[in-house]
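Multiple structures follow.
Each of the two complexes below includes subunit A, the first together with subunit B, the second together with subunit C.
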Partner chain A sequence: MFQVIGERINTSRKKVQAAVADRNAAYIEEDVKKQQAAGADFIDVNAGARIGHEKEDMKWLLDTIGPIATVPLCLDSPDPAILEMAYGMVDKPPMINSISLEKDRFDTMMPFLKGKECKIIALCMDDSGMPASADDIVARTVELVTRLESIGMKQDAVYIDPLVQPISTDSVKGTMVLDAVRQIKNQYPDVHITGGLSNISYGLPERKIINRTFVTLMMDAGMDSAIIDPLDAKIMAVIRTADMLLGNDNFCMSYLKGVRSGMIKS
Partner chain B sequence: MTDFNEIKETLVNLDEQRLIELVNEALEKDIPPGDILNKGLIAGMDIVGEKMENEDMFIPEVLMAAKAMSKGVEILKPLLSDKETQTRGSVIIGTVKGDLHDIGKNLVAMMMESAGLTVHNLGVDIAPEEFVRMIKEKNAGILCLSALLTTTMPMMKQTIDAVVESGLRDQVKIMVGGAPVTQAFADDIGADAFASDAGSAAKSAKALVA
Partner chain C sequence: MFQVIGERINTSRKKVQAAVADRNAAYIEEDVKKQQAAGADFIDVNAGARIGHEKEDMKWLLDTIGPIATVPLCLDSPDPAILEMAYGMVDKPPMINSISLEKDRFDTMMPFLKGKECKIIALCMDDSGMPASADDIVARTVELVTRLESIGMKQDAVYIDPLVQPISTDSVKGTMVLDAVRQIKNQYPDVHITGGLSNISYGLPERKIINRTFVTLMMDAGMDSAIIDPLDAKIMAVIRTADMLLGNDNFCMSYLKGVRSGMIKS
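Here is the complex of A and B:
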């Protein structure tokens, strides 16, 4: 089944930032409950936007979300000290967002990850920048998977983000990532593919139709997770439907359940 | 003059072949190459930039327009005098240290170049001292800083602080941009301008050096 990482609890979103600044627990609780009801499999928690307040904001958010969370959290920070604190505060093994091949990030995240029970989002980014080709994405994935396995992480715990880039700047940016995902799933069937999708439509009008079409193509290529807004009913309906069509929904049960609950509409 | 209008329209309509014809025709009519460049091509790209800002044109179209324009410039370049190739100002642009994103920054660089500015695109992950060094070396009038991450936004302030310490702050106007950057943030860190897209960035850069 496709795994949705709910992206809404992020202090770079204005309303969340205000709620965090005001310590408005009711707002955060309600948002998390809505994401869970909409089918989020993980709740991403990012407290990075109020510069200088990340640690206390993350602590408050986890204190607030912990008691009502029915799904694991995705702890989203570049700072291992904050992740260490956050890891100690959650009761279900979390997902960690994220490691990359950028040297500073890689070298600080590896000691944190070693021996932890968690899933990890691994970005195909290195010190030279964004990947420039499908082969680039695959090579970086091989490096990430190999290095993460060397500290005992299972392939099934690794969520590769191939870094979707805007098709508006180069017409081949869609096929580049689709080809890469196919190759990765071929080589590592147990490794997951995740990431944000909306970059694909940057610089173009009517972005959501692009995002929805792209997610179905990506799912066919092997993407089995995404970092999205689960309250976007249309993309959620497309994902559930595509999951069924790709054979991941026995007897179409999940699709039918979605239709009966009103979440999937034509 | 009608010739310039047709050149401008043809550029906005993304008709590269016709644009090349028009540039050659204008030269045959002894219209000064500098005028064809400034009143035709650059003026046309100004319209493209405005349309981009208003979401009447989109990135792929802007890229096509820039490509068409550069074909026109290729024809004109050998014919321009040194004085005419002197541009409206020199720009240093780069993504701040710790940040490797370059798509938006490159679009801004391209639009500024198309607007007739001389652009030195330093790339990504540029340290404050490198920006300072390049401002001196290129005698730049404008410094453009890009950041796409909330975690690298503070580096914009550090870079501006380094420019102040170097004593070069009065020489350069500083512009900032990138997805998480806002006008309020720009004001906060002492930047001179904020731009939300490549079209408006080129426009305000020209205004800053005017």
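Here is the complex of A and C:
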């Protein structure tokens, strides 16, 4: 089944930022409970937006979320010191968001990751910028997987983000990433594919139908996880439906449950 | 770009049957104009439901539709005598719906098709019934293409219908046809893939989201045509969006036109 990483607990979102500033635990708890009820498999926690407050905000968020979390958390920070603190506060092995091939990030993240029990989101980004072709995405994936394996990480713990780029800038930006994902899943069947999707529709109107249609295509190519808003019922409905059509829902049980709960509507 | 075969002019639909029985030309004309405005690339014409009246009904329908048709027609009948009459009444080379490997149908359709300037929908059906596997679909396609080529038809004129089957009966029914379509497009890049889609959701609730999600997956596999209701704005919006994401819409022009016209909404 497709895995949903719920993206809502992020201080770049205005209401979350206000709740964190006010130490409004009830607001955060309610949001996390809603994401879990909607089917989130991980809850992303990002406290980066209040400059100078990331460490204390992350600590407060984890203190608040910990007791009610029924799923693992996705610890989202570029700062290994904050991740180290956060890693010590969670009771289920977390997902870490993220490492990339950018030298500074790579060199600080590798020592943190070594020996940790976690999953890792690995971005196909390096110091030259975004990948320029499907081959480029695949080559960066090979380097990420190889280097993460060298510190003992299993392929099944690696979540590659191929970095979706706007179709408005070039009509091949969709097929480029679809081709890359197919090649990656062919070469590394156990490696997961994840990432945000909304970049695909950047610069275009009626973005949500583009994002929903694109996740369907990406699932066909082999994407098995995404960082999305689980309270967007329409994209969740499409994900459950595509999972069924791709053979991942025996007797259509998950689909039928989604219809009965009112989440899946035509 | 994906080609839409508009399915509405079919006497198995109650209102169309009544309009045909009453010789209500205005109703038929309006329906055809709406389908064309919505983006139909072909208008299917099926007069089979009023038993004993098919020939006169088909003649009246073609007399009615001919003057206003801006796209080719898809002549839909199992009877070569009716198709022969219909073929003589159209001014653009039509699509013919359909031939199959069922012996009776095959043996009567081949002499009709020989030397005709038309496109042909070829169903992966034989006297043993529906295909049981992806390999089965591919093998039947090879036989259909080979035999149609033997009477001079070009691969580009052949529209294979792999016969979509209900996912409710077996969770592999989606991947079976997706795999087959990929293999067919790999072996015969010029052959088209078409068909109805709604069988996929037979027996399940909220069928339209299943049909829309499935057409997206089928387009990724290589389906480039379908027999649908072009007035179903939601499936048309998904088709235009998927076409853009698959690299078939330079500068997103068709997508943007769809948004401006109100057809594509999130």
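Basically, the second predicted complex is superposed on the first by the 266 of 266 C-alpha atoms of A that agree within 3 Å, B and C clash if a C-alpha of one lies under 4 Å from a C-alpha of the other, contacts with A are read in each partner's own complex, and residues count from 1 in each chain.
Operating definition for what follows: a contact is a pair of C-beta atoms (placed from the backbone, for glycine too) under 8 Å apart; a residue touches a chain by one contact, two chains touch by 3 or more.
Please read all numbers here as calculations on a predicted model, not as lab measurements.
> Quick check on the subunit A-based superposition: subunit B and subunit C, clash or fit?
When both complexes are placed onto subunit A, subunit B and subunit C end up side by side without any clash.
> After superposition on the shared chain, which partner residues are touched by A:78: those of subunit B (first), subunit C (second), both, or neither?
First partner only.
> Once the structures are superposed on A, label A:221 by its partner contacts, choosing first (subunit B), second (subunit C), both or neither.
Touch partner of A:221: subunit C, not subunit B.
> Touch test for A:64: subunit B only (first), subunit C only (second), both, or neither?
It touches nothing on subunit B or subunit C.
> From the CA centre of subunit A, what is the angle out to the CA centres of subunit B and subunit C, nearest 10°?
Once the structures are overlaid on A, subunit A sees subunit B and subunit C at 80 degrees.
> Thinking of the overlay built on chain A, is A:207 touched by subunit B (first), by subunit C (second), by both, or by neither?
second
> Let me test your reading of the model: by the given contact rule, A:141 touches which partner, first (subunit B), second (subunit C), both or neither?
neither
> Which of the two partners, first being subunit B and second being subunit C, lies in contact with A:129: first, second, both, or neither?
Only subunit B is touched by A:129; subunit C is not.
> Which partner, subunit B or subunit C, touches the larger number of subunit A residues?
Residues of subunit A touched, subunit B against subunit C: more for C.
> In the superposed arrangement, which partner chain does A:168 touch: subunit B (first), subunit C (second), both, or neither?
Touch status of A:168: both partners.
> Between subunit B and subunit C, what is the shortest CA distance in the superposition, whole Å?
Superposed on chain A, the two chains' closest C-alpha atoms are separated by 5 Å.
> Could you give the residue numbers on subunit A that contact subunit B in one complex and subunit C in the other?
168, 171, 204-205
> Quick one: in the complex, what on subunit A touches subunit B?
Residues of subunit A touching subunit B: 12, 48-49, 51, 78, 102, 104, 125, 127-130, 165-166, 168-169, 171, 202-205.
> Can you list the residues on subunit C that touch subunit A in the complex?
Contact set of subunit C toward subunit A: 167-168, 171-172, 174-175, 178, 200, 204-210, 213-214, 216-217, 220-221, 237-238, 241-242, 244-252, 255-256, 259, 264-266.
> What part of subunit B is in contact with subunit A in the complex they form?
55, 58-60, 63, 98, 100-103, 107, 124-125, 150-151, 153-154, 180
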